[in-house]
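Read through the structures below before going on.
Next come two complexes built around chain A: one with chain B, the other with chain C.
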Partner chain A sequence: MRIAASVCFFLMLCSGAWAKTPVFELEIRDHLFHPDELRIPANTKVKLIVYNRDSTPEEFESYELNREKVIMGGRKANIFIGPLAPGVYPFFGEFNPNTAQGRVIVE
Partner chain B sequence: MLLTSVILVLREVLEAAMLVSVLLALSRHWQQSINWLWWSLPVGLVGAIVFASLLDVVTDAFDGAGQELANALLQGLLYCLILTIVVLSPSNASHKRLMSFLMAAVLSCAMIREGSEILIYVVGFASAGEHAAAVYAGSVIGAGIGVSLGVLLYSALRALSDDRIQATSMVLISLMGVGTIMQATLLLEQVDWLPAGRALWDSSWIVSEQSIAGQLLYAVFGYEATPSVLQIVLYTVCLSVMFGAHYFSVMRWGNLNEA
Partner chain C sequence: MRLNFRRLAPVLTGICLAACSAQLTADGTAVDKVYHPYVEPLEWELEWRMIHENENPISGESRRQLHRVGFGRAVSEFVFAEFYLIGEQSAENDFELEAYEFEILWQMSEQGEYLLDYGLLFELEKEDGVDVWEYSTALLLEKEFGRYSATANIGLQYEWGDDIVDELESSLALQVRYRQSPRFEPALELYMGQDTLGIGPAFLGAERLGIMKALRWQLGVIFGLDSDTSDYTLRAVLEYEF
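On to the complex of A and B.
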């Protein structure tokens, strides 16, 4: 389960000529992001699924990614990001900005 | 926790406070009743409570896109309401009741969006125990600063001369209205209902979105340091519609008044 939580990313099946949007997963536990670093391909749209395992709500927020979404306790949220240029894009939990910090590394 | 609460609540309150200041200044300028304020506050509050308590269900609707769709819808509604106010402004004297209703609706919409987030945060963390005092104190301070900034803007507008107050308020309210389109576009890109393109430019080296100036510009005009092509296109279209509609309305009512 921990392995699944840490670097859990899986490319959806490529059927025929067209590829589906890659999916990456993140968890919030004890106001921390697991993993706190996510590597995604450049110039590709990806789907981020963020699971909030805490009982308290959290808001996934990133100025660099232009994203913000409230995730209630014990729920999950889908967030599409990209296509992005290579670089580092920090994100944080607006309700716990001191601990809940992470970054998306586009390469 | 205290500082987090101050910043979070201030960010949310600021947007509604700026809107309401301009609307109040316009009401006063047009010598209309400001009763709309007193009944839009409870409506907005109830709306925010309902929205916050349904957010679980809303978020999962439309294959996980519900939260963004609901917010984008509220933003779009705000744009339409403000557009109507702007169009009716030259003939405000003959639309007093409608104008009051529109202003109340604008504030209610803004409160549902901003208020629900504050509620989710405050209820979520005040119940978590040890931080309750900090959350409450921070929220009160944040709301206080937001409201003070609103009062400041209102006073500044009221201090303008009669011929300037109308033009300034119109420009401000129009830009606030179009700013909602900026945010709505982002929300729809976030759930892949609109295609997200690469950022057209990066102006964060001039005004960072995290800075105080950036936060203010975001609250008032929907400022984005790294907007997409689609955002800029929609923004330009909606801005043109807003100013164009106002221009034609002024022409029409100006001619009627002269006739």
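On to the complex of A and C.
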């Protein structure tokens, strides 16, 4: 029963209220990220809205951020990042890895 | 606080599954791969999975191997569907097709959006040549702690058919993974079921083969912690994503 109680407790927490999350925006245009450098606060969860202005899909990918998210052409996606320790976290576009590159600077 | 069905559904499912897990446990080996509550849109997948028990204390079979070959694809942004053929062999029995399975994985939250990432797994399995069916539902939970990721699969299974005694079972699989590098991630896994209580290390990795192409692998050895569980169970997974 302890397992059951613990799982229920965590599930209630995960479905409940949460603090206001700072929002940052990023665009994919001509297979490039704009801006290609994003500064976010340390130890804070942020919401990153990525707009794909191209007609083809792109994937925001970063092993360092532990995120992979496909954004279909002409659509947007929400990516939640952090809380993170100060540092530099690179990301790239899986469909255009040579051009679509950027980094998140946590400070 | 605003609540809607999308947030309430996993809570209610979790309460039901967790409550049942306290009372019921699954028979047969519960060692399998640990599922993560994420779907990658546009993805196709070809999978081979193997479970090898050195000796099953319940059935008495030795060197029992279970092989699954699966083919799946993301059918929407949040839903992945996969079909499996399942074969089995042991020292006493030759390899033969054992069952068919259809599986749906439903990602229910964006990664990192809530305190826990969550999803649901639905599986329907039919044994070949006999009237034995199994339906299972599992709640998939994941939480990131820096470079560590903790995952739980809380499952509830129902077996029925003319050739089996109808039965309700449950299972629990836990994994703590260290994201050391894309090619190598060590993990510790725990599996619980009616005839399974085991713990052991696993190693995971991925090799990028091109745009939207990758080969993922997993290898683990689970040591039995009670007399009903095989002394050791090897598990392996190869997934080609494209």
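One rule holds in what follows: the second predicted complex is superposed on the first by the 88 of 107 C-alpha atoms of A that agree within 3 Å, B and C clash if a C-alpha of one lies under 4 Å from a C-alpha of the other, contacts with A are read in each partner's own complex, and residues count from 1 in each chain.
In the analysis below, a contact is a pair of C-beta atoms (placed from the backbone, for glycine too) under 8 Å apart; a residue touches a chain by one contact, two chains touch by 3 or more.
This one's a predicted model, so the numbers in the text were calculated from it and none came from an experiment.
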Touching partner for A:P57 - first (chain B), second (chain C), both, neither: both
Which superposed partner A:K45 touches (first chain B, second chain C, both, neither): both
Contacts of A:I79 with chain B and chain C, given as first, second, both or neither: both
Partner chain(s) touched by A:N98 [first = chain B, second = chain C, both, neither]: first
Which superposed partner A:R67 touches (first chain B, second chain C, both, neither): both
Overlap of the chain B and chain C footprints on chain A, listed as residue numbers: 45, 57, 59, 63, 66-67, 69-70, 72, 78-82, 85, 94-95, 97
Chain C contact footprint on chain A (complex, rising order): 1, 3-5, 7-8, 10-18, 45, 57, 59, 63, 66-70, 72, 78-82, 85, 94-95, 97
Residues of chain A defined as touching chain B within the complex: 21, 43, 45, 47, 55-57, 59, 63-64, 66-67, 69-73, 75-85, 94-98
Chain A partner contacts - residues on chain B that touch it in the complex: 4, 8, 55-56, 59-60, 63-65, 67-68, 117, 120-121, 124-125, 128, 186, 189-192, 196-199, 204, 208-210, 224-226, 228
Sites on chain C touched by chain A in the complex: 1, 3, 7-8, 10-11, 14-15, 17-19, 21-22, 38, 40-42, 77, 109-116, 118, 141, 144, 146, 149, 152, 154, 172, 179, 181-182, 211-212
